[in-house]
Structure formats: C-alpha cells, structure tokens
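We call the chains A, B, C and D, going by the order they appear; numbering starts again at 1 in every chain.
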Amino acid sequence: MASTRTKEASEPVLRAATVSANGAAPTAGGAPGEGLGLTREDLLRMYSLIAVTRAIDERMWILNRAGKVPFVISGQGHEGAQVGIAYALRQGYDWMVPYYRSVASVLTFGMTPREILLAQFARAVDPSSGGRQMPGHYGAAQHNILSTSSPVATQVLHAVGIAFAAKLRKTDQVTITYLGEGASNQGDFHEGLNFAGIHKLPVIVVVENNGYAISVPASLESAVEDIATRAAGYGMPGVIVDGADVLACYRAGKEAVERARRGDGPTLIEAKVTRMTAHSSDDQHTKYRTAQELEQEKARDPLPRFRQQLRDAGFLDDKEEARIASEAREIVEDATDWAESQPEPDPATATHHVYAPGTAGAGAPASEG
Amino acid sequence: MASTRTKEASEPVLRAATVSANGAAPTAGGAPGEGLGLTREDLLRMYSLIAVTRAIDERMWILNRAGKVPFVISGQGHEGAQVGIAYALRQGYDWMVPYYRSVASVLTFGMTPREILLAQFARAVDPSSGGRQMPGHYGAAQHNILSTSSPVATQVLHAVGIAFAAKLRKTDQVTITYLGEGASNQGDFHEGLNFAGIHKLPVIVVVENNGYAISVPASLESAVEDIATRAAGYGMPGVIVDGADVLACYRAGKEAVERARRGDGPTLIEAKVTRMTAHSSDDQHTKYRTAQELEQEKARDPLPRFRQQLRDAGFLDDKEEARIASEAREIVEDATDWAESQPEPDPATATHHVYAPGTAGAGAPASEG
Amino acid sequence: MPIRTYIEAIRETLRDEMRRDDSMIVLGEDVGKKGGVFLATDGLFDEFGGDRVVDTPLSESLIVGASIGAAVNGLRPVPEIQFADFIYPAFNQIVSEAARMRYRSNGAFSCPITIRAPYGGGVHGALYHSQSVEAFFAHVPGLKVVIPSTPYDARGLLRSSIRDDDPVLFFEHKKMYRAIRGEVPDTDYTVPLGRAQVTREGNQVTVIAYGLMAAYALEAAELVESDGISAEIVDVRSLRPLDVETLLESVRKTGKCVIVYEDNEFGGYGAEIAAILAEQAFDYLDGPIKRVAGPDVPAVPYSHTLEDWFMVSPDRIADAVRELATY
Amino acid sequence: MPIRTYIEAIRETLRDEMRRDDSMIVLGEDVGKKGGVFLATDGLFDEFGGDRVVDTPLSESLIVGASIGAAVNGLRPVPEIQFADFIYPAFNQIVSEAARMRYRSNGAFSCPITIRAPYGGGVHGALYHSQSVEAFFAHVPGLKVVIPSTPYDARGLLRSSIRDDDPVLFFEHKKMYRAIRGEVPDTDYTVPLGRAQVTREGNQVTVIAYGLMAAYALEAAELVESDGISAEIVDVRSLRPLDVETLLESVRKTGKCVIVYEDNEFGGYGAEIAAILAEQAFDYLDGPIKRVAGPDVPAVPYSHTLEDWFMVSPDRIADAVRELATY
C-alpha cells in the first residue's frame, strides 16, 4: 500500500470527521452524544482517533517483535478514556502533560501518527526528543504538549505549575495531566493536588486506573479501590468514569474543563480502564495475570464498544466502518514507512541542548556543532 | 530552691498520681474520665504531666532569652492533646516517633525532665543526641522513642515501617507518630498513610493542627480545613478532636490504640490545637498574627481548661493544685540545674557513630577515641 | 558607592528584577508576609502581592515542580528552599526534571528557574540547618550552580541567574547574610555565570574556594602574609559550569594549590577541581594538591564544642598554605 | 566450582540470607510474583511468601522510609529500587534519615538496610533507565556504597552488606546481569566491605574502576598488552569507605593512573580518587591523572547511535592507557 506513495507525500490526515455531510447534533432520544453538544462528525472523529491509535499501537508491538524497535509501551485499552476526555480540550491552546500511555491523548491533541512513529524509531526529527528518549515519552512544543519523563507522577507538579501560570497570566488555558493509579501513590500526586486545591487552579488530573502497576495489583498499590476518593482531601470533585464508555469520559472531561474555565478549580477524574497488553515489551504479564482474567478483560475494550454504540445509533454502517479501518491502515503504513526512512540522530548533536546556547566552561559540553 | 539539693540527688519524679489515695474510677454522672477507665490518680497524673511540661517549656524560653540556649522550639498549647493521646499507649513497649513539639508526648512516654533539659543544653549525656542535634529532636532507645530529625514528615514512614515490623513479628506493639498540619502536605505523609492502609498496620498518625506552618496560615497550606478528611483516601478512620479537651484526646487515642491492637489497622487523629508561642525562638510571630488573634487563642490553652474541669469534678482543690504547681517548679529547677552542670560533648567524640564500630577506610572517620 | 550586606544585596536584586520583569515570581515557605526566615524576601509581599510572592505549602517537591511548570508556561519563577538541607525532597524534580527538560526535549522546552537556598554552618544550625549541598548538584549536567562570596557578586550573579535560560541553583551562605558587607553599585550590572575571579594576587600558593570559604581564604592570606608567604586566592563563584582557565592560570603560576570547602571532604565539590588540576596542570605542580574541608561526619553537630571542631577556619586554611609553601 | 551469572549470584544470595535470617525481608516494586523486572528476586515470593517478599506501592520514599522503620524494630530489610534512576524520590530518606540515624542519635539507633538498585547504560534504557548514581551517595557520611564487578564479588559483597549494621547502597550494573558469568563457591564466604582488589597485575599504568568499567578495564588491559604495555587493574568494589591503601600501593608502583567511570565526568566519583592520589601519591606520579568517563550530558540517550557515542568502551580505556604509557 504505502509502497505506492513517495516518502515525500504529505501525511494522510484523519478524515473521518469531515467525510459525512450531516454535521448536526443528533436529536433522537438516547442518541450517543446527546446533550453533550457532539455532532455525528465529532463522534466519528473520536471513533477514528481510537481506531487509528489502536492500529498504531498494534503496529508498535509488531515492530518490536520484528526487532525493529527495542522497546514498546503503549495504551491498548486506555484509548477510549483518552480520546473521550481530551476531546473536551482546546487543541494547541490548552496544555497537555501526558504520560507514557498517552498515545491517544496526544493524537487527539494534535500530534500526528508520523510523529508517534518517529519516537518509536528514535529518529533525528522526532519532535518528542530527537530520539533521545525511549518511545512513549511524547512531547511537542507547538501543540502545548509538555515533554514526558520516566519517573512517574512528577508531571502532576508541572501541570499545576502550568495552571498556576495560566491563572496568574489570565490566559484562560486549562491544563490536563495523566498518570496511572500506581503513580497516584507517589508524594508528588499529593503535593500537586493540594496546591491545585488551595489555589483553585484550572487543572484536570486524570488517573487511568488499569488495576496494575506493572505486576502489582491494585490491592497492594492503594489502600482504597477508588483513587477518586482522595479528591475530597484536596477540596476538589473526584469523578469516576468507565473508561470503556467514551462518551461518559467525554462528559467528565467536558464538565471538568468547564469548571476549570469558570474559575471553579481542579477536578480529579479516575477512568477505570483495562491494560490489554503486558506493561511494556519487557514484561511477561502471564506471570501475574491468569488467562481467564485476560479473557474477561477483553469485554472492557473501548473500541468494539464504541463501534457498537455508533452502529446502534445509526451513525456508523458497514461501509463507513470499513472506510475508517482502511484509512487507519493507510495512516499507519504511511507513518511507519515515513518514520523509518528518516535519518538517525547524528552523534555530533549528542551534546546539544544540555544548556542554552552560549554556555561555556567545564561541565558544559559544546552546544554548537 | 534546687540549690539546697546536691547535683547527685536523684531526679524528682512526677508524684501527682500516687499522692492521693482514691484510686477508684469516678462514678458520679458526668465526672471527667467516666467511661474511659481513668482513675482520679490517672487524671491527676495527666494534669501534672501537662503542668510540668508547661513549666519546662516556659523555662526553655527563659533560658533562651538569658542567652543560655541558642534555640528553642516547643509545644505550648499542644500539651493537652499530647498527654491525652499518649496516655493511651503502653509506655516503653509500644513505639513513639515524635516531632519537635512533642515535649509532652515524650514525657508521657517515659522521658524525664532532666533528659529534656539535657537536650536544651546539648550536653554529652543527652540521650536524644549527645548534644549533636538542635533542642527539640528527642529520642530515647530505652523508651522506644525513635530519634527525631528536622525534615518534616519523614517520620511517618519510619512509623509505618516500625508498625510493619511489629505486625510481621507479631509483637502486639502499637506505633504512634506525630506531625504538624503543615507537614501533612509533604509526599511522605501520603505514601505512609497509603501503606498503613493497605496493610492495616497498627499505627496511629497524629496531626497536631495549630493553624500555621511557621507563618503560613492553614488556608495556604492545605486545600481542606480538616486534614482528617484525607483519612478516607487511605481507607482509615479520620478523627478530629479538640486538642484543648484532654479527655476527648485520650478517648481518641484509646480508641485508636484499641483498633490497632485488634488488628483493624491505622487511625489518623487530627487534634486542633493552638500554638501559644512563636514558631521557635528564631521567629517573630507578631509579624503575621494580630494581637487580637493571640489574645483570643489563649482561650484554647488546655492547661487552665483541664484544671477547671478537674476542679469542677472535685478532683482538684486549692491545696492539691498548689502542691502540683510547686512540684512542677521543683522538677524544673532540678532538671535545669542538673542538666546545665553536665559536661559538654568532647570534640574527640565528634567522629564517633558515623558508622558501626570497626568500619575503616577513606570516608569513614575513626570511630574509636 | 552604597554599602550593602550580603542579604540586602539579594533582597534588592529580587525586588529590582521583579520590577523589571512582570513574569518573575517568588515562591516558597514563609516568603510572603514573614519575608522568609532570613528576611531575604522581606517587603516583596507588600510591593507585589500574594500572586507573585507565593507562600507555598510545606512541600519542596511541589515548590520546584510547580516552578518548572510555571516556567514552561511563561513565568520566571525564583523558588526559595528555606534551608539547603531541605532541598532533598525536591531532588527528583531538580535532577530528573529541571536539569533534563531541555536535553530530553531536544531543545523544545527549557526551564528558566533560579532556586535559592541558604546553606552552610557555623550558626548553631546542627545537622539539618547547616549543610553544604553543592556537590550533589554541581555533578548534574543541565544544572548551573552559583555561590557568591560578596554582596557585589551576590547581586551581579543573582541577576545573571534569574535572567539565565537554564535552571540555576543559587546557594547563599547563611553566616554571611549579615556578617558580610561591601560596595554594591546601584547600576544594573551583572556578573556573568561561568567565571571565576582572582580576588587576591599572589605567587606562591593558590587557594581555590567559594562562598564563606572564599572569604576565609582571604583572611588566611593575610595570616600567612606575615610569614612572608604570598597566596593567590581564586573565588570559584560558578561551580558549574566551571571557569577552568582562570584556575589553571593561577596554579600554573604558583605551582601549588589548596582547595577549600566546608562540606565534608570525601566526594565533595573540591575533588573535581583537584581532579582537573591533577590532569591539566600536572606539569606545573610543585607539590601535592591539598584539600581543606569539613570532616566526614553527617553535617555540623549542634553543641558549640562540636561545631567549632567541625568548621573550617581561616587558621586551618593558613596552616595548609604554610605547609604547602614549604613543600 | 559452580558457574553463575551475575544476577544468579545475587538471587541466590538473597535466598540464602533469607533462609539464614528470619528477620530479613525484601521489598520493592514488582519484587513479588513477578520476581523483579530483572528477575533478581525470582522465586523468593514462592518460597517466603508475601509477608517477607513485599510488593510495595510505587513510592520509593516509602520503600526506603519504611525500611528504616522496620530496621529499627528488628527486621533486616533489603529494599530494591527498580532502577537506580528512580532512587531520587527516596533521596531525602536515604541522605537525611538512613545515613544520619546512628550519628544523630549518638549511637542509640542504627539502620541496617541494604538498598539494591540496578544502574548503568548500554541497554537502550535512555535517560531514565541508564544512570549511574553512585557519586551522590558515596559523598554522604553514614552510607556505604558497594558495586561488584563479578558474580563472586556480587555474592560475597551482598552477603557482607546485608549482614552489615549500616545502610548500604548496593548497585548492580544491569548490563552485567546476564552477560557476566564466573565461579561462585557454594560456601558461606563473604567479601569484606572496604577492600579494593587488584584484579590484574601490571607495572606501567594503573587503571582504577568499578562495576562494568572494571570488567572493561580488564579487556583494555588485554588490548594494550599487544602493544607491550603492562596495565594493573584495581577494582574499587567498595566506594565508601574506600580502600585507599590498595590504590596508593598500585599507583606508587606504576606512577601512572587512569580512573574510569561510566557516569558523567564532572563531579563524578572518580574525581575523589583523583583528588586523593593527587595529594597522597603526588611524589610518585610520573604523569597526569587521567579520567575516562561519560560525557557531561544528562545520562545516556536512547537512539543506538547516541548511546554508542555515550558509552565508555574498552577501546577508549585502552587509548587512555596508551597515551599515558608514553607520557
């Protein structure tokens, strides 16, 4: 497929949202998105985002098994919550502080599939880190997506700092950040939520609760089943949402965004999701999860569920579904081929960006080539 | 007074509890301690502990103003909560992990006034640190009182670790630890309570909420007024108690101890107290507290309140009150004179106890004299 | 020229920079109404209000982490850590996050924050209010570490630090706050980061130091002068990046070198200077590289007898210079 | 004698010590059912159960802080930090608490814990799964820091560490886990802390190293041997306390020294060795003290082109030895 395209071709875009003419919000009783202000266009766009993310994600694991990328960490099972919640933000204007499973979140917020694949292949033009970080550490300055690090939960403090600046500078920006339920047991989570609560900051903290921190089950990670319980200790609402229910997630995101924009302060959203893969390509999850559990968890996959919901509402038919699926494949092919063909980082640049340009002295490597 | 005693005289003891004959629990309706299993003896002992602590505390500030000790940090206003709660523990069997205001707590748990004064004068035989730490950093191995450090909230983790060992070793020990409400915003608080909740550890965490972290008022410290609100996020009860009500504090302590001993896990107790002095001798609290506020706060002094309560119940009369007061003075005189007369640490010992004996090599100073 | 104490120079610089740059904020424990436990931020709250002079909760990781975020979104935060000893809860945010933001994002993001913290002993601060922590941070690529030893430098270096686009650790010796005075021009001068300074010329022994020890080294030079020994004093000022050229030039001239630091000796910052000299000035050395540093115990004990034992003094520096001079 | 990989030696030692001492527990992230992300604790959960092999929440400060408390109340905890890079959230507990417990209590309390952590690069771990962190901890009085370079030492030193009554940081190079094999007796031998070892005798240049670099140094010695250069290799093993005598003896003999470490050079652990030699072996030195170390960037980048650029190799060590040999 992709082989028929030249490498220079511009990146195929997610067209799902613009294809079908009917842009009006559905009005039929119980129609998905009703009362949420989402048009069919929106819903199909959300569906496409999930489908494309899943296709990219699956491709990552194939590339890993094929020996082409040494490491994969991704978000299969988390995409519904990610797209649903992030869809409520203003792309590129608000701020996103992601974590390593945030593939769907950053795609929703403006990063492109090619950019995601560049991170897998660690290429020089990878906007996240120029190939310096492991895959999964996304960031993009032009989209207001802050660079991700590995130590968990540190980003919660960055998010509250961004939100503090937004409040002080009256920029009307909302900041959203993400972490796992395991990471919510780090001190930084506590300190960040407390500060957000004190200053009623326009920030949303999303805990993607997949029941495991690598192999450690929820019962050994947290003293409470619902991390959202902790919100009360920081004077903010704690919202629990089924992460497989895309529109419930959107609703939670939308309400939190509105609350933040109104100046009413932060929200903690806990999305109950499932981790459909091992923790990462370095993990063997069958060692601590039974086959039965893994089988059962499939029911919590947001993709087929959202698909069915849209089909039931008559928003999606066989043809449209096939079109989106083929578009997703095309996008993934393109992104993979394009990213793989990009040059590797030049070791001569390895000392760049330790310090601002012009910094000199022992301990500061030459920053110009 | 004390000048009539020789330095070698043994330390006067708190005799309040043993003086009066009536050791039976009061039975009259509404008598203090009723239903708590406290005898009049107990109540007078608790009262004496508070009175003696206050007398020691006031002496510290006098010594500071006289230029005899360079630094004071203490707990005026906190003593009622401290004595009330600590009285529920088994002295020297359970574990106490104090903080810098815990003068009354450690006295209740077995340290002596002389030992407190040794810390003020930083003398060689100071059991807390041999004069190595600032005053206020109490510790005593023979009483199971863990050594205190300065960085706040770290002790919460030590307490849960001690409790974890007690549970594993089935020692039936309860561990109690203390911190300020300001310190409860540190990450270590969060991490410790979470672990205690997961393993239902026999540990009690007491937050002495005096409304300030040095000059920072509660409204800028915490997103919630009641730190106890946070207990729910760790699956444990959060109990709020009036720190000026000694017996309410005792009740809270007793219930928490019983819960821990039963194997039902941890308790967070928040005692609302008042800080009657500046934060420390280095602080000028009139810069951030109004005269009016300071005046009003006097009403929250636990000492006169408990005294009145005992008088109203007929447990204390003028004579007994005077006796306790004079005993307290005597104890303080003795402790001050005795401690001051002790030798200073020998600089030749300054390298001792960096490592276990026998450790040698660069980076390890000689540990033997 | 106006005379200022060390802390006045710092306080006025904070004020001036806040006037100059609306995006600058100060945050930390007790920096507001109280004006900081050493009064370094006194008056700022009254002038700039609680939005820009922020009393934070007692959470150092938050103080630094939120500063990083605020810097990313357009502010120029100058967080205060109340005592350098309490910087460790923020270690992860400083070392994993602030120091690496630029590098890990391949230059897409930066982190212009200046973390101020009082350090050092000799003020009855005991184990947890006396520490020198510069060695930890000077080891970390991505961080800049600055320690001034005069009011003039305090002002000029703090200005440069705040205006710098990288994270800077700015350590102030608390014993100098009120004890050290000096001329401080009212102009908008800066002292560039990354430059050491020869604060006294001499030709027999080079003494390299920073902070309080740079002041003590000058006193030691006076002491040995009466013995006819000419000591040259180099004030490092910028620990990372380090101005190796100025150090080398001095040591090549004198052939002998004493490195002084208050922190415990083993693995302390001065070890790096010694290592650089042992490689790059080897051919010029006429004697062993000596260090005068704190003993290897966990920070300064409280009791004055023990504290006196701990502290590096001008006398101890002078002794080392004398010993080396006769080598 | 049985042959073991580096990680097998560690795993078996943990098992043996747990059998030997009921008070020993292992705790950390994923150490239970999963057996650790590198399988260093594999099998322990099955043998000793969840009470003694404790999967903790994702909270490093807790892992260390609770270990301190547990040690105080009679247990002998061996916490694992999943990657050395993630030790910073526990920095305060290690440096302020574990390291000072004995000193601050004037000997009344101690803190016998052994913190294990895999460190080092060369395994595509990038900025946050490749770091060398020994310099931070080797600077701290009250801590002991150990890094073995062979399965034999891994076992002997881990035994000594666990049985030691002070807090020990025990770092294991993750690239060695499966790559390095060696003879490991089934006996209850220990290797004492605080002793370096000459792992190859030579007389022209001393190479001082530890961990993976000690293995690379041996390879480098082979490489230069063909050029007729005789290198002596000293494996530091115990970074704090440091066996200065063994180092001095070697350098006094050869007169030339290369210090190797993987961590970034500036302020790294090797600086301390250089400083000690520049003072105590000065009269014996026939050439500058050289360091071969990682570049001063914030840890190892991910892309293999960049990672290869970063890593110290036997070739680079050999080059330095050759250069110094002809000095």
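Note that a residue touches a chain if its C-beta (ideal position, glycine included) is under 8 Å from a C-beta of that chain, and two chains touch if they have at least 3 such contacts.
Predicted model only: the values in this text are computed from it and were never measured.
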{"item": "B-D against A-D, pair bridged by the larger set of C-beta contacts", "value": "B-D"}
{"item": "Taking each chain's C-alpha mean as its centre, the one farthest from chain C", "value": "A"}
{"item": "Cα-centroid distance, chain B relative to chain D, in whole angstrom", "value": "41"}
{"item": "Distance between the centres, which are taken as Cα means, of chain D and chain C, whole angstrom", "value": "30"}
{"item": "Interchain centroid distance [CA atoms averaged], chain A/chain B, Å", "value": "48"}
{"item": "Euclidean distance of C-alpha centroids - chain A vs chain D, Å", "value": "37"}
{"item": "Multi-chain contact sites of chain B, meaning residues that touch two or more partners", "value": "129, 132-133, 137, 149-151, 185-188, 191, 194-195, 198, 220-222, 354, 362-365"}
{"item": "Touching two or more other chains - residue numbers and ranges from chain C", "value": "56-57, 59, 61-62, 85, 88-89, 92, 96, 100, 103-104, 127-128, 138, 141-142, 240, 242, 266-267, 296-298"}
{"item": "Touching residues on chain C, where the partner in the complex is chain D", "value": "85, 88-89, 91-92, 95-96, 99-100, 103-104, 127-128, 135-136, 138-142, 240, 242, 259, 264, 266-272, 274-275, 277-280, 282-283, 285, 287-291, 296-299"}
{"item": "Residues of chain A touching chain C in the complex", "value": "95, 97, 126-130, 132-133, 137, 139-141, 146-147, 149-151, 154, 156-166, 168-169, 171, 173, 175, 187-188, 191-192, 194-195, 198, 352-356, 359-365"}
{"item": "Chain D residues within the chain B interface of the complex", "value": "23, 25, 51-52, 56-57, 59, 61-62, 64-75, 77, 89, 92-93, 96-97, 100-110, 138, 141-142, 144, 164-166, 193-194, 238, 240-244, 276"}
{"item": "Interface residues, chain A side, partner chain B - complex", "value": "185-191, 193-198, 219-224, 229-230, 232-236"}
{"item": "Chain A-facing residues of chain D, complex", "value": "29-30, 32-35, 37, 55-59, 61-62, 85-86, 88-89, 124-129, 266-267, 295-298, 301-306, 308-310"}
